[in-house]
């Protein structure tokens, strides 16, 4: 299913893979982490990070995690405005770069997850979509994200790789809008992340995109420069990048860098 | 005096953020963006659609306001509430609701599609529909209040002169409520112009077809906030001009002092 | 073809309950003190206020009938109203206001305008045709209101104090114009007024309304001669006493020692006694002769009106006497001073209460 | 008759989407969600903040409307326009503008922070500010129109009786404009309740502190659209109740017929 | 301590240009036809309409002076106004309306209420204290408006036809109450009215305004005796002719063959001639004796008022004669019929135009 596909289609991560040692240290240092911890995370991480947050609090009595979920871009905006963030987890590297450029990062960003593209179609795949090529068909109404949005950019790249030229009826502003269009039956197909297909449950089906054509999104995480609670922050980042963290993330359809 | 003080504070409260925006505007890159084709398309589309939405709001909203203010019937309060709920719908949900009604699989929409092949979503018409949906209530509420404030005595006089209540409304009451009508139209227009959520959900985002200025702005924000600022300055500029056109005398009721 | 109405409606504390009938071409003046219910009557006839009970029939067609729920909306009753506070349409010009009734009834714009302009000329308002009502003076506005109601010729015309704001001169003119206009067509007219002169000049018949009920009606002359309430007496300026006539025809006025005899003695029983102020003679000392209609009283108030002096006499029996300045010169009356009053029997109008 | 027809169409246009929403609501999961702690928190927060925003809009908006309608001064049109621009700002940009003014690095904000340690963003106060910013104009415009419609004659009468113009306004004119005042307040409230963009940008999305219902809905959408529908139904329900409370007689001006 | 005003203001086509002075305790009646500018005068004095030129000085304090730009806003002039259309506050109850002036001037709620209630009693409005103006009849509303303006005691009181909507009875009462009230304090009062009786009962002096300028002013008696404009003549009900007096004192009335002599001959030159209707005697045939003040004319209109018959005579010289029903019985006049008219020289009032 989509997990495997995501996993198997993993390409080399620009920021280099995280070592399991940090993961270990994560579990060891965890005990020292106390106090309040504020995590700014991309909206697409909502469920997975909520669970990780719970784990973290379990492992670190006296620590309390507060999340601020929003679009990666909005989060960067807020941090650059002096938001009280300890940790920033972005859904793409572009936004992370905005942060580092602004010098708001306390350490080097680490990749903690990857997300591959999939084609989402309505239940039962009425139009019999099998791959990107089918999206170019006349009678197929499909949507992607706008090139400004990471997934939109990746989709474009994927089409290039596949040598397919197809114009969507709409360039959505975020990936969930694509999901909504398809699950509500307004569009026949859309290009989204594996995680989104999983989240859509029985309202949508995923059509894998061959590795050759696929593009992968990298999820970087970092402790902010102005982090009010650096120790806990580090501990949380360690947890996310640890093996346990990876397992949790995989449950939600993420792949490992 | 208290009144003036409060008013001044209010003005400051509105002005400061705008000034802030100007301060942060990257004037260097501004020009390139302003002359960018897609930007101009977006501006054009925004204006056309918002004006359409305003027009429809007036055409349908005025009679609705009249009914709510003048025609007593059981459950009038319920109807009023129903017709104003779209104001509070969170952006995206508004779009979802429209799908449910007018989408390809929607209650009414699938007839439109199956029988006439009409598909509102992803079309300019869709944008207008979405904007009208969220904008009309502002006109309705404003005008209804004005009508109630006017009272019915002049209408009574008109009726004794042989005017049906609708004719009396059009010839006598509505002109007396002109300030409220204009205000309501402006509110609707402003709301339509700034509309984002319902539009992008229901009509999608296709440059030149359904990409209005707010959508363009939102996307720009994804890449570079300062771009977004420039775009919204365009939006601000446009509406500033229109609002300025709403001169005092337009707002003034024709009814002056009775000597 | 007439108006026949039985009006019963409760408004605030006031219960309006009256019968009203107007013949074609007839002008009825509706008189009554403030708050008597005159405007309310007009509102019910115009269909602006629903009846609690009763019916309104115009030219045989029931406009409203509580019994069988019949109801004709205002715009389909052929009723014209001049409202007490005019209610001109502030956003329309004067001529548009006057033309409104015609336009609403489907007359073409040009023709309606022409007829409205003609009417405005007639009322000397031509100069204001293009103005907004807000630019009119009180009296001008009232005349416009009048013109507006007359412009389309309603079967039933309801005028609520249509001359109250006019100056003396304009008033007589408008009165004359109005009389001609009204004489013109055969509709029915109900005129609310506080001025007997209006009633005299315009009305064939007066109906006096007090506290929602009719206290008197008939020709102005008759009402003037036989007032049945203090209000009417005040209105027509005569003295009204109520008393009891004995078998001998002698009338003892309630609450006073004075006894009257009338030239033509009334039936025994309760009676009204009307005495015109000019019929009350005043003297410094008691008069010889008939002891009747002759009593000692006091002056409470003196009041000169041009060529008359009004002398108010102390209760009981409260009376006003009107004497010539000459007489006053002789008597040199002053407030508080005792005086003898006499009335000729021939001047005493007595009629059953 | 034409009026009624148009009005009916309008009503249908508003009702259909809501019906559609209900149809698509996953009632199974609904209950769990409705009783969910964060949902309740969101509801509570939404109500509190939107009411605060409405209150502030009234306190500052009424004097502002009065000034715009009654106090003639050069550039009044400009001021009016300035004070209504926030209506057309695209969601997120509104937040950016607020940052620019009241953020920790904003024009005024950094004084607030450096001198008093006050930080508006990411606080409940921030939510209120954001909502007020977008909501107040609706009250101002509505009320100003009503004031102009009323004309000044009653104020004149009040002034000959010794009332200063502000006192005359409070005791005489404002009560006469009550329908418009209520309508304006309701519009502001509705706008505040549905506010999303400026809030999530300026105040962030912290459950229990700044996560209002629209924000919660947005997040739910990330997880499962049908959840979002349920949440917005909550929003709809809440506002439906409030709007219903806006009974006819509230809207009716105390001024009835003059006999 | 007085009111001294020079009012110059252009409103529409009307140029108002007048001088006005009122002494403390004095009541001046402002008379004039509709549209003469009366209300406009009141508005300028109240500070609701800015002057184009001139000044207003009250008790030595300049309220407005175009010359040096002095300006006191309405709320700080001690001026009370009864508006022609009342302008009651629709959202306040009657008692709150009346108490408004006191409250606005800082009187405590309870006291203001008490004083308002007292005043309402005085005007017989106690029953309506709790009502909204919308629930009042026209006359009731007008009395409330009057009470509201009187409640706080302004230095200058401006009354715009304050009695127009009152019925005959109430009118005389209110007139009396008003007279007492006004006698009470020493402010200045300007009363706009169309009814000479009001002027007679309330005013020490009348000012007649026509088309924005003062045509006549003085005591009512004097104005009545020497009307200087057709309007005034109509108002006081006498005949006004204008002519030229020759050296011999004989007056030839312009546009008519008739020549008059007055008991006391006027200076040669243009003159006004006033003749009271009752002084005009009518005869079937020419009278012997003095050939003067005796002419043949035609009856154009006959009109019975209670105990008088008004006979309108053909132009020139247009006149109204008032004869007794008795005389009419003898003459049996009818419209269109020729008749001889005579006036005693002693009854001819002639004065320089």
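Note that the chains are named A, B, C, D and E in the order they appear, and that numbering of residues resets to 1 at the start of each chain.
Assume a contact is a pair of C-beta atoms (placed from the backbone, for glycine too) under 8 Å apart; a residue touches a chain by one contact, two chains touch by 3 or more.
In this text, all values refer to a predicted model and were calculated from it rather than measured experimentally.
Trainee: Please give the intersection of the contact partners of chain B with those of chain E.
Mentor: Where chain B and chain E share a partner, that partner set is C, D.
Trainee: From chain E, which chain is the farthest off, judged by mean CA positions?
Mentor: When every chain centre is compared against chain E, the largest gap points to A.
Trainee: Where's the contact count highest, between which chains?
Mentor: Chains joined by the most C-beta contact pairs: B-D.
Trainee: Using mean Cα positions as chain centres, tell me which chain lies farthest from chain C.
Mentor: A
Trainee: Centre to centre, by mean C-alpha position, how many angstrom separate chain A and chain B?
Mentor: 36
Trainee: Where the centres are mean C-alpha positions, what is the separation of chain A from chain E, in Å?
Mentor: Distance between chain centres: 90 Å.
Trainee: State, to the nearest whole Å, the distance from the C-alpha centre of chain B to the C-alpha centre of chain D.
Mentor: 15
Trainee: Hey, what residues on chain D touch two or more of the other chains?
Mentor: Expected reply: 24, 92, 96, 99, 153, 156, 164, 176, 178, 218, 221, 225, 253, 255-259.
Trainee: Show the residues in chain E shared as contacts by 2 or more other chains, in ascending order.
Mentor: Touching at least two other chains: 39, 84-85, 135, 137-138.
Trainee: Residues touching two or more other chains, restricted to chain A: which are they?
Mentor: Answer for chain A, listing residues that touch two or more other chains: 74, 77, 180, 184.
Trainee: Touching chain A in the complex: which residues of chain D?
Mentor: Residues in contact with chain A: 24, 92, 96, 99, 103-105, 121-122, 200-201, 204-207, 218-219, 221-226.
Trainee: Please give the residue numbers of chain E that touch chain C in the complex, ascending.
Mentor: 12-13, 32-35, 39, 84-85, 127, 131, 135, 137-140, 143, 160-161, 164-172, 194-197, 200, 224, 230-231, 234-235, 278, 303, 305-307
Trainee: Quick check on the complex: what are the chain E residues that touch chain D?
Mentor: It is residues 46-48, 73-76, 79-81, 83, 87, 89-92, 100-101, 103-105, 132-138, 141, 148-149, 152 of chain E that touch chain D.
Trainee: Once bound in the complex, which stretches of chain B touch chain C?
Mentor: Answer in residue numbers: 153-154, 156-165, 167-168, 171-172, 175-176, 178, 253-259.
Trainee: Which stretch or stretches of chain D touch chain B in the complex?
Mentor: 1-7, 9-11, 13-21, 23-24, 59-64, 66-67, 71, 76-94, 96-102, 106-108, 132-133, 136-138, 140-142, 144-146, 148-153, 156, 164, 166, 169, 176-180, 182-184, 186-187, 190-191, 193-194, 196-197, 213-214, 217-218, 221, 225, 228-229, 231-232, 235-236, 239-240, 243-244, 246-248, 251-253, 255-258
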